[in-house]
Amino acid sequence: MSPVDIEAIVARALDEDLGGGGDITTAAVVDPQRQGRAVLVARQDLVVSGLDLAAEVFAQVDEELNFEALVSDGEPVTTGAALAEVSGSLASILVAERCCINFVQHMSGIASLVRLFTLRLEGSSVRLVDTRKTRPGLRAIEKYAVTCGGGNNHRFGLADGVMIKDNHILAARSITEAVNRAIEGAHHLVKVQVEVENLDQAFEAVDAGATVLLLDNFAVPDLRATVLALRARPEILTLEASGGINLDTVAEVASTGVDVISSGALIHQARWVDIALDVDPS
Amino acid sequence: MSPVDIEAIVARALDEDLGGGGDITTAAVVDPQRQGRAVLVARQDLVVSGLDLAAEVFAQVDEELNFEALVSDGEPVTTGAALAEVSGSLASILVAERCCINFVQHMSGIASLVRLFTLRLEGSSVRLVDTRKTRPGLRAIEKYAVTCGGGNNHRFGLADGVMIKDNHILAARSITEAVNRAIEGAHHLVKVQVEVENLDQAFEAVDAGATVLLLDNFAVPDLRATVLALRARPEILTLEASGGINLDTVAEVASTGVDVISSGALIHQARWVDIALDVDPS
Amino acid sequence: MSPVDIEAIVARALDEDLGGGGDITTAAVVDPQRQGRAVLVARQDLVVSGLDLAAEVFAQVDEELNFEALVSDGEPVTTGAALAEVSGSLASILVAERCCINFVQHMSGIASLVRLFTLRLEGSSVRLVDTRKTRPGLRAIEKYAVTCGGGNNHRFGLADGVMIKDNHILAARSITEAVNRAIEGAHHLVKVQVEVENLDQAFEAVDAGATVLLLDNFAVPDLRATVLALRARPEILTLEASGGINLDTVAEVASTGVDVISSGALIHQARWVDIALDVDPS
Amino acid sequence: MSPVDIEAIVARALDEDLGGGGDITTAAVVDPQRQGRAVLVARQDLVVSGLDLAAEVFAQVDEELNFEALVSDGEPVTTGAALAEVSGSLASILVAERCCINFVQHMSGIASLVRLFTLRLEGSSVRLVDTRKTRPGLRAIEKYAVTCGGGNNHRFGLADGVMIKDNHILAARSITEAVNRAIEGAHHLVKVQVEVENLDQAFEAVDAGATVLLLDNFAVPDLRATVLALRARPEILTLEASGGINLDTVAEVASTGVDVISSGALIHQARWVDIALDVDPS
Amino acid sequence: MSPVDIEAIVARALDEDLGGGGDITTAAVVDPQRQGRAVLVARQDLVVSGLDLAAEVFAQVDEELNFEALVSDGEPVTTGAALAEVSGSLASILVAERCCINFVQHMSGIASLVRLFTLRLEGSSVRLVDTRKTRPGLRAIEKYAVTCGGGNNHRFGLADGVMIKDNHILAARSITEAVNRAIEGAHHLVKVQVEVENLDQAFEAVDAGATVLLLDNFAVPDLRATVLALRARPEILTLEASGGINLDTVAEVASTGVDVISSGALIHQARWVDIALDVDPS
Amino acid sequence: MSPVDIEAIVARALDEDLGGGGDITTAAVVDPQRQGRAVLVARQDLVVSGLDLAAEVFAQVDEELNFEALVSDGEPVTTGAALAEVSGSLASILVAERCCINFVQHMSGIASLVRLFTLRLEGSSVRLVDTRKTRPGLRAIEKYAVTCGGGNNHRFGLADGVMIKDNHILAARSITEAVNRAIEGAHHLVKVQVEVENLDQAFEAVDAGATVLLLDNFAVPDLRATVLALRARPEILTLEASGGINLDTVAEVASTGVDVISSGALIHQARWVDIALDVDPS
């Protein structure tokens, strides 16, 4: 997450909550001179993510506020843990409260779900990655949250990796043609990945020059056999499994010998975790 | 959702996915002259939401594409239902695909969860509403999705309603003082709502002039008794229950006689539903 | 006014004045090393508004400038009063001068006009409010200026209050139907206001559930009678008078017993007051 | 006014009015299928300005609306005149109404005031111009409105003309030095103007090479004498009078033989004229 | 180049040229009703690039203009060739003229220089690519222009390829450590490239897992020997030469057997070619 | 260059380079705690321009970095000269490196070329200026770079000077008519310039009131004769020569007695100079 991105995403979130007349409750009810202190507290076990966003929310609302993170992004904490504290104008803290928590709840929700997966993969060298199935406009923070949970990121967008899917193959009329065009057309720092449904397709892709294969929706026994057959090839291949992988199946999929397991569910099936801001007017 | 908002949110989503070098796979693999047709298909039972966003995604990628919605937002559909179709440049369709589906999966996921709640409330006049616990930058589309599921919206942001919470009360030192300040400070088209924990607080709030009460985290019997006691007051009050309400409890909470049930979970516990774009190169 | 809004509105104003080649006069004529000091001075009696904007203008032009407000927004001052002072690079002060004064003259003009009205209302509990008749893009600062003059704000925009006007009634075919739809459609923290022309309409609106009435363009005797009749209703109503109210009539209108007097003229009939920046090169 | 500017200024105005939840009244009350027609009507004698902005407001709210201007910007019209009409979705018309009228009332208010001045100058060849005393962010439309009233524009901003004022002279230590630096520093398509207080200063400025003089706050007899003395110079000079010129004095000032009369009051003392949108649901 | 990018870059360019008061010459001199037709003409032999930008410039200035490209981007043309024509409002054409030509001259200048290089490489399979040495904010259009000249693109930015340079190696303390970290940290669709100065470094990089080598500033005989030695490795390597390659040396460098030749000079040493807009008022 | 402009142009450049996933190489390879120091070094003789942009790049990437300019913009330096140094987080320095250098190489390239021209004009009072032939979106920094090389700027854009070219004359049907309209239509601080091809046109323009003439593409003897003839006129004229002027001809053109020589080539024929960032991890 670049500083510029963080600034923009927080500005949008604040504009959304404060647009028009601002926080009319706090403006009416809270004495502007009043000081206070607040602690961001975990209300359940969770993995923390988003403290930089929280800091930026408070800074944009009132640059005089003092914000201090008490844990680091990526740390697993238990119920009751204090994640950060902020002090200064009480009104400013209350104005920023919901916007701040929304970021941390959302991101920690993802990090916490990802951690459930990575715990299942302990001892395995497989790389667990997300996909481009992310909420519009929030990809940077959602992918960052995946890393807080111990996962890795797949390509960020359409520009930083070639992935030839079924529709591209249809458009090019064959895997071979699609891979050839991709190698010709893409720059030489990106690999060419092909989504395949069976071993024949996999071999065609590799023969054409693809070095990463997406083995999509394979049953585990088929996946195991396919990995075995592909490892017998001389080329150094990266094998990625995807498709409906869940907490129950992820370890077994990893045992097939694939290098990478990708799952959009890491992000789009995550739910918010419970976090609150305990405010203490002084 | 205003047209201006839709345009901006889609532009950001596309920029996120195409930023830098664009869709390098499609650019390399798909003949720019090739035409195609694609259908957005439900892969599970769901309530549709987000077709205007889908249309805008395709329009921004290529204004020559023809997009037609086949169902309406808010319609429940079953597995296999065709939601929309688009035709034109195959490359443009593929470039837009993921971004389009991300909107519809996310919004339909919310609409579908909300519908599960509203089905439990059939026959009841209670109003089910969301909260400000929304993903940063996506509030407009998430709140719209709630209405597609049959729910209603709470205030949009901090400007369009006064809600006095515990921290505001602490800051003002009493419910009475907080309500007085709010009535004095806010404009005369917004009501003053107070979050209360018990009947004493509720009476204090009403005596001070509040007309909406948020009964937060009441056990159902307490809630029922409190509602009864408050309905005996001469003032016309709007009573809102919130706090950990779920599919199992929502009907019982509604039976207590509250006017409104609010739940952040309608949005932040929703998961994406399964939707795909079936592409057919011509 | 949120910090984010202030920053954006000042950036636009500076861009407008400096766009293209910047301040070519100062760049050519003033030695960049030269220091100076300037005082913002009232050239007539006025009520001050806009000093935060003035501060932001100088900060954006040159973050090294030292700006200090000498009075507070909302203070009435007399001719010759020093409102603020700024010191630092003389060139920077001259670049910022006009843009700074434009904000303060405009906002103080509104505050000063509003104060003329509020002085006429001394001893009355009526609330004097503005409308949505504001200059495009400047609503936040114009509404803020109204409060500096002792007035209050009506709703900020179309989102934070329901106001059913004649055209809405025409569209819904009756006041009753319009109010019913509004109560059903709007969220439960906004009140429903109806613009009415006579007592019959007022009663229909109240019967349907409206709690705020806009009594538009009533002659004072009619207004007084209507207020009397409506106060006899059991409902707690907010009665707002509007329509051609001026300095001569405002006290009489207030005497009719309405709760609120609204006037677009507070903003759109205000003229700039005379303020200058006296610069003193060191 | 460039198309790009118009688009941006209207988008900001709409965002201001619709930000957050949009027009909740119209959304709740008006059937989205309902069609209608509306006429923009002058409620007093006025000079029209801003119809392009009105058109853009309607277009941005709903590109399906049909807008037609019935008069041209700059035309004087009398009470009751129809200025434009719009037809299409009734809801869209109502959403856009206030924003549209705000532009036209504001701009026509300026045009109408300017026309009062230009009528006093009939038969004179003097050029009546505005200044940079404009509302922040609205300069383009305010200066355009001046031309609709028959006035002319002074420089747009700090980049398109050199004007050496008293503070610049103080900074450069003499008029001669300031003019020399300006001629040296500015590009060769802008003239150098100097603000002078008496004939000695005027001669020093001309001797140094200035070709435009701002004769600020001269009494009329002094102004007449100064013009006479300066016209005796061999150089072709442009003489501009400014300072407290009003409707009563403008003709007399023009009679002194100056080329240009400038007045910030054309814009900042203008008040809105009365214009309404008469809506007719079909 | 995405449509969204093109729209934004053109809007900025127009704002730069028209900011403030717009085209004051055309506004004063050209009758707004006057129609005209203009042809974009090559005044030297060149390779065309940028016609989409030209089209967008005219469209943004006046959507009523009719623009037609007469050749395609990437086509080599000779002096006098008509590249595009536009017709409609003469004033609009003149307002857009310079901004339009600036795009086409700049981009065609790059395309034309690149073509000189690619002509030297005819018969060779080497890939000629650009670098990230591009003018700030113009990377998308400059890289596109390279492809018009027959070149290819290197990675777009820092996100779509790993390139370990000397400073990264210093930071990681060894090539091996840097490559290990990169493979671990980057996603699995990007290759790891290492900039090396000699064969030892090259072997260390390949042993660590790098598959792309940047052979920077090698003398041609050294380059030839290094390529030979590296081709003897079992891994499939992509070898890129860079550093001071010019028209005189590029063919010889290509003859060494490298896969890729990269050169920032393709873009930053390109000069504008001569193109004019011949206008014909009707 | 205004601070606001610099901030925006740097933000765009960084977004371009870091968009999507950011600097994935540095993120993977460089320890975030590692400190470093880097020096911006001239690799050839050059005139420096762009150090403020360099400073802003580092500040936006990481506000903790310490940047210090060691020379001033406009200074000629020799190979090996240290231009600036920066210290702090090594990773931040590497992320910012290319973006920073791109600005300084581009701008110093222009300044260095301009200096070659101004050296040829030593002893002459002629003013060497640029044109509006600038790269889209970069005009402010390119025109600034011209001044660093000892040149001057022509008008910034279409708003700050009237220049009547052949097409305007065609549109107005005569030089006289065009000049009359321009004097009437433009504000009184801009001069009217006319592009002429021969003495007859020049006389017509001056008779009509133009005071600046663009003598375009005159052969030197013709130019000399034309200047002589025009100097005999009583009006004070500014004579500008343009059209294919290069290093070999510029001194001779200056000797003809023109006041101004304009050349788009100062900017669009400039090539980047060689500058590097030498990084030293601590």
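Chains: A, B, C, D, E and F, in written order; residue numbering restarts at 1 for each.
Note that a contact is a pair of C-beta atoms (placed from the backbone, for glycine too) under 8 Å apart; a residue touches a chain by one contact, two chains touch by 3 or more.
Values in this document were obtained by computation on a predicted structure and should not be read as measured data.
K.L.:
What are the mutual neighbours of subunit C and subunit E in this structure?
P.N.:
In this structure, the chains that contact subunit E and also subunit C are A, B, D, F.
K.L.:
Comparing the two chain pairs, does B-C have more C-beta contacts than B-F, or is it the other way round?
P.N.:
B-C
K.L.:
Examine where the copies subunit C and subunit F touch and state whether the two sides share over half of their residue numbers (same) or under half (different).
P.N.:
different
K.L.:
Based on mean C-alpha positions, I'd like to know which chain lies farthest from subunit A.
P.N.:
D
K.L.:
Taking the mean of the C-alpha atoms as each chain's centre, how many Å separate subunit B from subunit D?
P.N.:
Inter-chain centre distance comes to 44 Å.
K.L.:
Please compute the C-alpha centroid of subunit E, do the same for subunit F, then give the distance between them in whole Å.
P.N.:
22
K.L.:
What residues in subunit C touch two or more of the other chains?
P.N.:
In subunit C, the residues touching two or more other chains are 15-16, 18-22, 153, 155-157, 159-163, 187, 190.
K.L.:
Can the chain contact pattern be summarised as a line, a ring, a star, a complete graph, or none of these (other)?
P.N.:
complete
K.L.:
In the complex formed with subunit C, which residues of subunit D make contact?
P.N.:
Residues 9-10, 12-13, 16-31, 34, 36, 53, 90-91, 94-95, 97-99, 101-103, 105-106, 109, 132-140, 157-164, 167-168, 170-172, 178, 181-182, 184-187, 190, 264, 268-272, 279, 281.
K.L.:
Okay, in this complex, where on subunit F does subunit B touch?
P.N.:
Against subunit B, subunit F makes touches at 15-16, 19-20.
K.L.:
Per the contact definition, I'd like the list of subunit B residues that touch subunit D in the complex.
P.N.:
The contact residues of subunit B facing subunit D are 1-4, 143, 153, 155-157, 159-160.
K.L.:
Would you tell me which residues of subunit B are touching subunit C in their complex?
P.N.:
127, 129, 152-156, 159-163, 187-191, 193, 212, 235-236, 238, 240, 259-260
K.L.:
What part of subunit E is in contact with subunit D in the complex they form?
P.N.:
Within the complex, subunit E contacts subunit D at residues 11, 14-15, 18, 20-22, 24, 60-63.
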